[in-house]
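In the part that follows, the structures are each spelled out as structure tokens.
Both complexes shown next keep chain A, but they swap its partner, so chain B is in the first and chain C is in the second.
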Partner chain A sequence: MADELKDIVLNYVTKEYLEDDSEPLTYDTPLISGGIVDSFSMVSLKRFLENKYAIAIPDAEATPEAFDSVNKIAALVQRFAAKKG
Partner chain B sequence: MSNIGSYDERVKDFSWAIAEKELGWKPGDVINIGWYCTDRICEQGKGSKVALHWEGHTGAEKIYTYNDIRLAANTIGAFLRGLGLKDGERVCLFLDRIPELYLGFLGILKIGAIAQPLFSAFGDESLFVRLSNAETSAVITQKKHAPKVRKILDKLPHIRHIIIVDHDGVAPLKNREVAFSLEKAAPVEHLDIHPTTAESPSVLHYTSGTTGMPKGVKHVHYSLISQYLTARWALDLRDDDIYWCTADPGWVTGTSYGIIAPFAIGVTQCVLDAGFSAEAWYKWIEKRRVTMWYSAPTAIRSLMKAGDEIIKKFDLSSLRHLASVGEPLNSEAVVWSQKVLGMPFYDTYWQTETGSIVISNYPGMEVRPGSMGKPFPGITGTVLDPVKNEPYTTHGKIGLVALKFDWPSRMRTYWNNEEAFQKKFRNGWYITGDRSKLDKDGYFWFAGRDDDIINTAGHLVSPFEVESALLEHPAVAESAVVSKPDPINLEVVKAFVTLKPGFTASKDLDLEIMNFIRKKLSSLAMPQEIEFVPSLPKTRSGKIMRRILHAKEWGEEIGDTSTLEND
Partner chain C sequence: MAYSDKIRGTYQAQIKGIQDAGLFKEERFIHSPQAADIEVEFPAGSPLKKVINMCANNYLGLSSHPEVVKAAHEGLESRGYGMSSVRFICGTQDIHRELEHRLTEFLGTEDTLLFPSCMDANAGVFEAVLTKDDVIISDRLVHASLVDGIRLCSAMHDTIKHSDMGHLEEKLQLHAGKRFKLVVTDGVFSMDGDTAKLDEMVALCEKYDAMLLVDESHASGFIGKTGRGTHEKCGVVGKMDVITTTFGKALGGASGGCVSGRRELVELCRQRARPYLFSNTIAPVVVAGVLKVMDIISRSTERRDKLEKNAAYWRKGLTGAGFVLREGDTPIVPVMFFNAKLAQDFSRALYDEGIYAIGFFFPVVAQSQARIRTQISAGHEIHHLDKALDAFTKVGKKFDILGKTKQEIIAKYGM
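Up next, the complex of A and B:
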């Protein structure tokens, strides 16, 4: 589940947000602090995760730090997916 | 003692000649911002002083002295001249906050061309309307942004050159593209500075309009006079300051106070080319020992949200003065900074069209949290009765913020749109489009926009532009775009959408439309919420009544609905 989730997020970010695909993303590439996804675009990324995994991520949890890499996003999604039961 | 000393005393005997004298300029002389920001500082014996301390998101650092930025601007200017670019031509900077953005800006000005900075997050449609309107001759960009330019190039015959500053030779250059590497180019020691005069055009920034497409705000080299003095008096910039302006030069704050004023004064400036995080920002202040910090309410509110505990991890004792711009600074933010940083953020008010600060709080003048402050010395500001178009004779009434249009950095016109420029005036007053009231002591208090323009995180977004783009999505039949309140960004974009037959509202369609606008216009213009509705409120003549939707979002009275269709 974890790797599949990471790959889905990584592919989505690459397709939707990465302008220059000559430097491929990794699970640890800084997304927010690296300027790939800005704070406004984070809203659409959050929406994607909520739609895809049928979860609700509260705004207070959707921080730049929590969205700063594929690994961190995957951890966040797993936490809310587990809560959903 | 602050630079301004006593605000009241400065108002009494003010003349812009104060700035002209400090800059060693007199009417009729050549005035070139590029020269003032580089060569002049070197001639003062400060060539070895650090001008720019830059750090990228990967941690890469670059340091430029004033002599370095003089040489770099010369080198870029010479390269542009070598391509055949001449004075008066528009050269667009479509770059992240990398050194070439700052140095390219100065190089463009040195050869007398007009710098047209555009926010690098703009989508291809936003880029197209601005390059098309300006009939831009060249675009300086990075390989990561080049695909957006290529996509629209066929529709832009005026563009002769696309200059890629980080071409690595892996992918071949395409039509009209040329590579330029600042690091590999031979430094140009001497460049003939174009003899620009006070009214020679310098910078073209685009701003959103209520009903039309974005308008190009034309500034001139004489703008330096008020940019310099407002930075000295309102921002209190001093020779020994380590200065951090967080604005992107794709917007006017990032050029007026992120390039022109600090370099003309000769301070050391810091640039952090990374996305926002509270930890990274505090770390940057500590690392660079920042003394003067010019930021924006959205950033300040985001720092507040991150909590006070994180601040204790960093030594921020270098800070001595803070200021804010872009949108109204709420009183809570002023009180917060006083409490946790030991000093208030001083709110400053101005616009792309004003070119420099026009209303502000000043060191030494009482700060009234939540107030915009008072007009800069030499600037006459008032609150107009919107019916009579005359200043209110009593304080406390909300009206239009209006200014006598006579300071050096005021815009000269809208590019190719003199008609829109003339519409900005009523009864001899320049109408800012903002509403406020005046208190009995002459402080201005912001009360909102007087039009439909959305101010999101300090950036203006035109509902018209977003609605036009929405209609290009195959599922959208009609749309209405308004602002909705947001605790961090003040306002964000919300779209009401009706769908064409055969399309059904869904979460996936919602996301698809959001991304469609983000890529076409920008992330700022992307609706943060889309509400699918069966119909939109319209007048009997068929005009969509945004006012009703706006009132609903803000919990305000809907007002007169006598012209509403089907009411």
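Up next, the complex of A and C:
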């Protein structure tokens, strides 16, 4: 699940935030500290993850640090998915 | 006295960091009224230099127009210098309400409320009309003042790619469950000079039951056939739920702004918007000046027509000389350099040639998108534009960027 999850997040971030001529993302590209995703735009990403994986991420956990790379986001989602399971 | 060496050292290090990154901003002192020809002291302490101003928001050339100056003098005499009050205590004169009526008529809305600036209008409007049950969907390139206003409001905030209507529709669907949806855009985007697709946005907002707010600061007075703004250009006058705009650019250039739009939304701003409630009223002298501006632009489209011709002449000239420009048809004509240092060096070289135009770079624009934003005015004559064009071409040759593509400029100077 981990790799599939990472690819789903990576594809979503690419489609949602990157312009056509942007450098491709890696799992470790800094998204928020790197200026690719602004803190406002995290809303879409959070909603997407919550809908896709039927989880609820409390606002206190949806920090810029926790959303700063595909790897970190995947870890966050896995943690909440495990709680649910 | 608690400003310790540690505190001072911390701030000094921050300032040095800004300087080391090449992002330090310096003011240039102008010793003359705002106009196409100005006298500038730069660097500080230098003798005055006569230069052509190519970067003012003085789109209609009204900042120092004799009729506006005269009206301001008369306003000063008849209504005094200051009001020493916010609007709702004892800061509303007859001319404040008169200007609100004039703006309502001009913008094609239901009511208008003056603010000390458009920054204040944008800071106050969202919190006054939205709650945590609502969502704001904004273009990612909207002005910083809108971003700040949105931050002050408890509504959810989401963004769309710049002018991407497919993305907007996706977001309107995504947030269908919210109580109210408010779509937010600039009319003319200040850094790129392109215009919002307000006709398509209105259609989408009607389809998905959303409100639409547009900041017309770089449009009011000259975009559209009679200068009413982007909504006139796009054929949707009367369909805007909220327009915010400034008097600090085309409309005389002094200060002040407004929220104009649906009657109830404007009334809630009067009751709740904090910059309206807790900041001083606009000075009578400014109100008198803006009223004269409204007279001037209502009796003739001569100035906005001249501006349109000037902008087309300038854009054609720069394109012919071989510069890379941002596409558009507004008086904002960004000349692209991509590399921040190149933009700054080019600006300094232009100044030596008698042309005042400033470089913009990160964080004001995205990384690797450094530019010199030129802004055309109805106050420019063709001889101003020709002289500026000669200077741009001369400096362009010196830096060897004429006829070069974006990729070639980046290859030569870096990102």
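Note that the second predicted complex is superposed on the first by the 82 of 85 C-alpha atoms of A that agree within 3 Å, B and C clash if a C-alpha of one lies under 4 Å from a C-alpha of the other, contacts with A are read in each partner's own complex, and residues count from 1 in each chain.
Criterion: a contact is a pair of C-beta atoms (placed from the backbone, for glycine too) under 8 Å apart; a residue touches a chain by one contact, two chains touch by 3 or more.
Just so we're clear, the structure is a prediction, and the values are computed from it rather than from any experiment.
J.: Classify the contacts of A:33 with the two partner chains as first (chain B alone), second (chain C alone), both, or neither.
T.: After superposing on A, A:33 lies in contact with chain B but is clear of chain C.
J.: What is the contact status of A:19 with respect to chain B (first) and chain C (second): first, second, both, or neither?
T.: In the superposition, A:19 contacts both chain B and chain C.
J.: Comparing chain B against chain C, which has contacts with more of the residues in chain A?
T.: Looking at chain A, the partner in contact with more of its residues is B.
J.: Please work out whether A:68 is in contact with chain B alone, chain C alone, both, or neither, and reply first, second, both or neither.
T.: first
J.: For chain A, give the residues common to its interface with chain B and its interface with chain C.
T.: 19, 35, 38, 40-41, 43-44, 47
J.: Using the touch definition up top, name the residues of chain A that touch chain C in the complex.
T.: It comes out as residues 17, 19, 35, 38, 40-41, 43-44, 47.
J.: Sort out for me which residues of chain C touch chain A in the complex.
T.: Within the complex, chain C contacts chain A at residues 138, 140, 147, 150, 156-159, 161, 171, 174, 366-367.
J.: Across the complex, what residues on chain B touch chain A?
T.: Counting only chain B, the residues touching chain A are 57-58, 96, 121, 142-145, 147-148, 170-171, 273-277, 279-280, 302, 456-457, 507-508, 510-511, 514-515, 518, 523-524, 526, 528.
J.: Using the touch definition from the top, list the residues of chain A that touch chain B in their complex.
T.: 16, 19-20, 22, 30, 32-35, 37-41, 43-44, 47-48, 50-51, 64-65, 68
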